[in-house]
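Input: structures, listed below.
You will see two complexes here that share chain A, one where it goes with chain B and one where it goes with chain C.
Right, the complex of A and B next:
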């Protein structure tokens, strides 16, 4: 196995291009576990930990750019992630357990595209955009365009995630991430991430995303639309939840059956909305 | 062909000059090269916490950390927590509370608890539970472990 420790993104891209089977090493929490299990054996590792740009956080008028090598511990502790952006902060705070949060990174979670973890769900709810560097250029894409299937992204060979932009969202918007799991450190059985803005007691805008219920985070426009303009009463929530549950494609596993997960969706949606609403009124 | 990388790791305050293949984990290097076998190999996938060590004071999983990435970082293992002949206060509390049975998980638990108490000297029971969220123990049922660590915080 070859190894490189570049100090710039450009040097990392160049290292990635020298070996057909090169992989980026971010926090290692998933990549090294897969290597230990013999599931992958990259021909080359390009460690990203010496590239200062990738650990940088930049605040702009519109939101926050988070470097791809920011750990979940860093994201969970950043008080600037308020309003709509709080969905991602909360998701990072709940992900796995402390030692994993100290190692695993935001960019790593995007690249892994594990449909059962918190971060992809929250990033889609927060309308995050991702900067991807490739040979000769960088592009910024909506995060959902990267998640094409379970553990599969639209990133091309030789590309890497450099940073993630979280928009501040509209005035008064609040983000919230709610997970239901057997115990705190386990993967969620179902998680709901949402961004909500209220006009008095009416829903002005909402974006609901469901995790652990399909190969990619589940977002259904019709479910959002069913809630907009309503007072988020039980019937509204049940119908929006029904739309999400019918669109979901959960699996049966040790954390719950597919049927159980579908039943959880409307209940968790109601709980997540009422918790977010309490904050919207603060 | 595999790269061999020369690294100097700072383990419990001492420098160790080593030559390692990039795929070798800190856990491998601790147990096989440094012969510091107090750090346990449990699951090798980040689920059990038995291999927890501190890097710059925060708990990480040595089974998922590649040794080549760690020069210049302060690595603390269970061998480094005693003060001379004296047990660390966390170790003493675990003994006094009868919290240790087979002991396999304890190095990881001691290090997670040490990191917690350094950040938060008077944790609540809930803080202790959260801090130990990644440390699996198959014997104790956790109650005495949590009581022992919480007792160090001076809360009633």
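Right, the complex of A and C next:
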């Protein structure tokens, strides 16, 4: 296996282009575990940890650009991730356990597209946009357009994620991430990420995303619409939750049956909304 | 037991060391990472071993072709059953080959072994081994395996069914007519899972063979140097005089390392390769190739009068021992023996089967059959209390066995302290106030539950040698293995207390079958209890020798002498008159008498079941059995939305006889509680079509630091009694035994949901809650 430690994005792209079976090494939390388990055997690893650009955080009027090599620990500790952006900070704060949060990165989570973990869910809820660098160009795309299937993204061979933009969202919008798992450090059985804005006791805007219940983070426009304009009463939540549960494609595994996951979606949606609401009133 | 019916007065320790929470000698090196475990060892020319697991749960082996693996550069040995002596091993039934011979009986069973210059080469070689199989019908459920048409897993041995590894029946009183006298009868079926030990250190062995003598030296992670020596010698057909076993630091065991693990096959690889071989399992291989706790299904019926007298109980237990008996029949013995619980129930009928299935073998695991039966018994007793409207602790107190009463089978309860444990648990947990259901967090329901707990300590043989060094310090040799539980410090404190020495004046040696006196195993709640006893016996002989010399030196009769802290023999009532151990050693070594040394031995007596009292089939005697008691209380919150159970606070009250090292004892209790919490709520090996679904730390979930209550109150009662050192009683297993029923009783108190199957996952609890809401209490079962 070949190994490279480029110092610029351009050099990384060039290294990636030299080998058919090259992979980016970000934090390594999943990649190295998969290699150790013999699940993958890349011909070349391109480590991204010497590229300063990938670890920078830039605040703009509209939001925050987070470098792809920001660790979950860094994201969880950044107090600027307020309002709508808090969904991502909360997801990063309780994901797995400290040893993994110290290693794993935002860009790595996007590239891995693991349907059982939470960063992708929170990024979709937060309407994140992702900058992708490829040979000769960079593009910015909505994060959900990257997630095409379980562990599959629309990234092309030779491309890499450079940074992620989190929009500040509407005034008064709050983001919230709720995870439910067998034990604290497990992958969630179900997670719910949402961004909510209230007008008094009415929902002005909401974006709900469900994790661990399908090949990609589950976002259903009709479910959001069912909640907008309501007082988020039990019946509204139940119906919106029902729309999400019907659209979900969960699997049976050791973390819970598909049926249990479907049952949990409306239940946890209600809890996530009321917790977010409490925050919106603060 | 009758043979220690004359316990005599419990001696008092000399000095202050016994009873102090001194740190474990290995604590610092473990915290800093300096501790040397088997996998840290390396020797010149060392090869790496790996095992190939069976792809089928049940299949005939038609042929092997290992030529491609042997041809791979770097491969030094490839073994199959054809290369090994035909010696099957097994503690109870010799049913198990080192590598599958003739057929495979579970998916993952080792069928071939490789030694190579590095681990990747060894693993590549495994992929190059071609084995042709003929798949056979398989059976995965213990009750199904006893059907007449079930596929046979082993050659018939004359048992009622070829798949029955053992069968036990114990009957006392007249159960059939007794039911008519009961005002309430509760009947349920309880199911408990195959829990995995998840010791932090996977099984590991380094085997070396002396090219001239052929002597095999094993460095290995085990609970027993001497059983490993015996099993390895037996399996390979070599005399024990040509096998030496040493034990580096051990990263936990919990019963998973009481029999052989990978020692015999690693030795076989070293013999075949003519080079040292180290074999350390990956976590996944460890889970799928070693052993688990027995999954059990327990049909139980208990009847009581309205005023709280439990009159009758019927129990049918099926222990799933997997493809090999291992310790299964012994586990079934304990499960049956505890089926009446620590209660005086006059009419009892217990039937127990230990059954082969095409799954991973089940064997010893902290509690050894007792957590399974305690789960059923303690949940059912709680339901009896509910049915007659009595406080659960009150019902238990009314039926608790007291000192002098008889256990199922007739053994006497010599130190019946269950009442003291229950009363203390009621007090420290503020039981009555919490039973009023204080308000829970929004969306949560809160409840508190109890379990009365009993276990046994003491089993089989131990020996110790104690000798005086020239400077008056003392060397203690035993074969005891400290698996992390803290026996090294506790046993050193026992010697210190027996001779009045400081720990600096004591050299406590580590196990080595070439030099250590025999010890059976660090299992069965016996190490401090039994090895501690032989240490005190040997120390007593050393004291006698010391006094003979001191009598001559001080010119006083022996009866006027006493031990004084710090290594002195003095004259009672004369503070100025004393002689140091060093001076005595000098006299003994150079002037008169010879070296001061003593050895002691002990075999814990087995109890013959009283056949005038009990109708007995399949269990003529019990090998272990000094009864110890505890009471465990858990307070939980159940999430109404998800069914998830959080344990908020716990109290574990134990009669430890005497706390030799209170902090280490509390650690044992808290560790037992956490492992019991995992058993209650999250831990379960899952199979699909005979294949393990979750043989990883990601799939199989043990509780982490955020999943256990901040406060697990270990409350130690000290009622010194019995054959242990200074009246100490065993504590190693009992802390796990009652946790699952205490938690499940708390879940029922919180919600009304009757949890009959553990782990009580969120999904199972939620279904029980929903059923209760839809159909009333009758349909509230999980």
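As a working rule, the second predicted complex is superposed on the first by the 282 of 282 C-alpha atoms of A that agree within 3 Å, B and C clash if a C-alpha of one lies under 4 Å from a C-alpha of the other, contacts with A are read in each partner's own complex, and residues count from 1 in each chain.
The working rule: a residue touches a chain if its C-beta (ideal position, glycine included) is under 8 Å from a C-beta of that chain, and two chains touch if they have at least 3 such contacts.
What you see is a predicted model, and the numbers here were worked out from it, not measured in a lab.
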Combined model on chain A: chain C and chain B, fit or clash: clash
First (chain B), second (chain C), both or neither touched by A:256: second
Chain B versus chain C as contact partner of A:180, first or second or both or neither: second
Partner chain in contact with A:271 - chain B first, chain C second, else both or neither: second
First (chain B), second (chain C), both or neither touched by A:3: first
Which superposed partner A:100 touches (first chain B, second chain C, both, neither): first
Touching partner for A:32 - first (chain B), second (chain C), both, neither: first
Partner chain in contact with A:189 - chain B first, chain C second, else both or neither: second
Touching both chain C and chain B, counted on chain A across the two superposed complexes: 97, 184-185
Chain C residues touching chain A - in the complex, by the definition given at the top: 123, 443, 641-642, 644, 682, 686, 693-694, 698-704, 706-707, 761-763, 766
Residues of chain A defined as touching chain B within the complex: 1-3, 5, 25, 28-29, 32-33, 35-37, 45, 47, 49, 73, 96-100, 102-103, 184-185
List of chain A residues in touch with chain C within their complex: 38, 97, 180, 182-187, 189, 253-254, 256-257, 260, 263-264, 267-268, 270-271
Residues on chain B engaged by chain A in the complex (per definition of touch): 1-3, 5, 21-23, 25, 44-46, 49, 52, 55, 58-61, 63-66, 68-69, 112, 130-131, 133-134
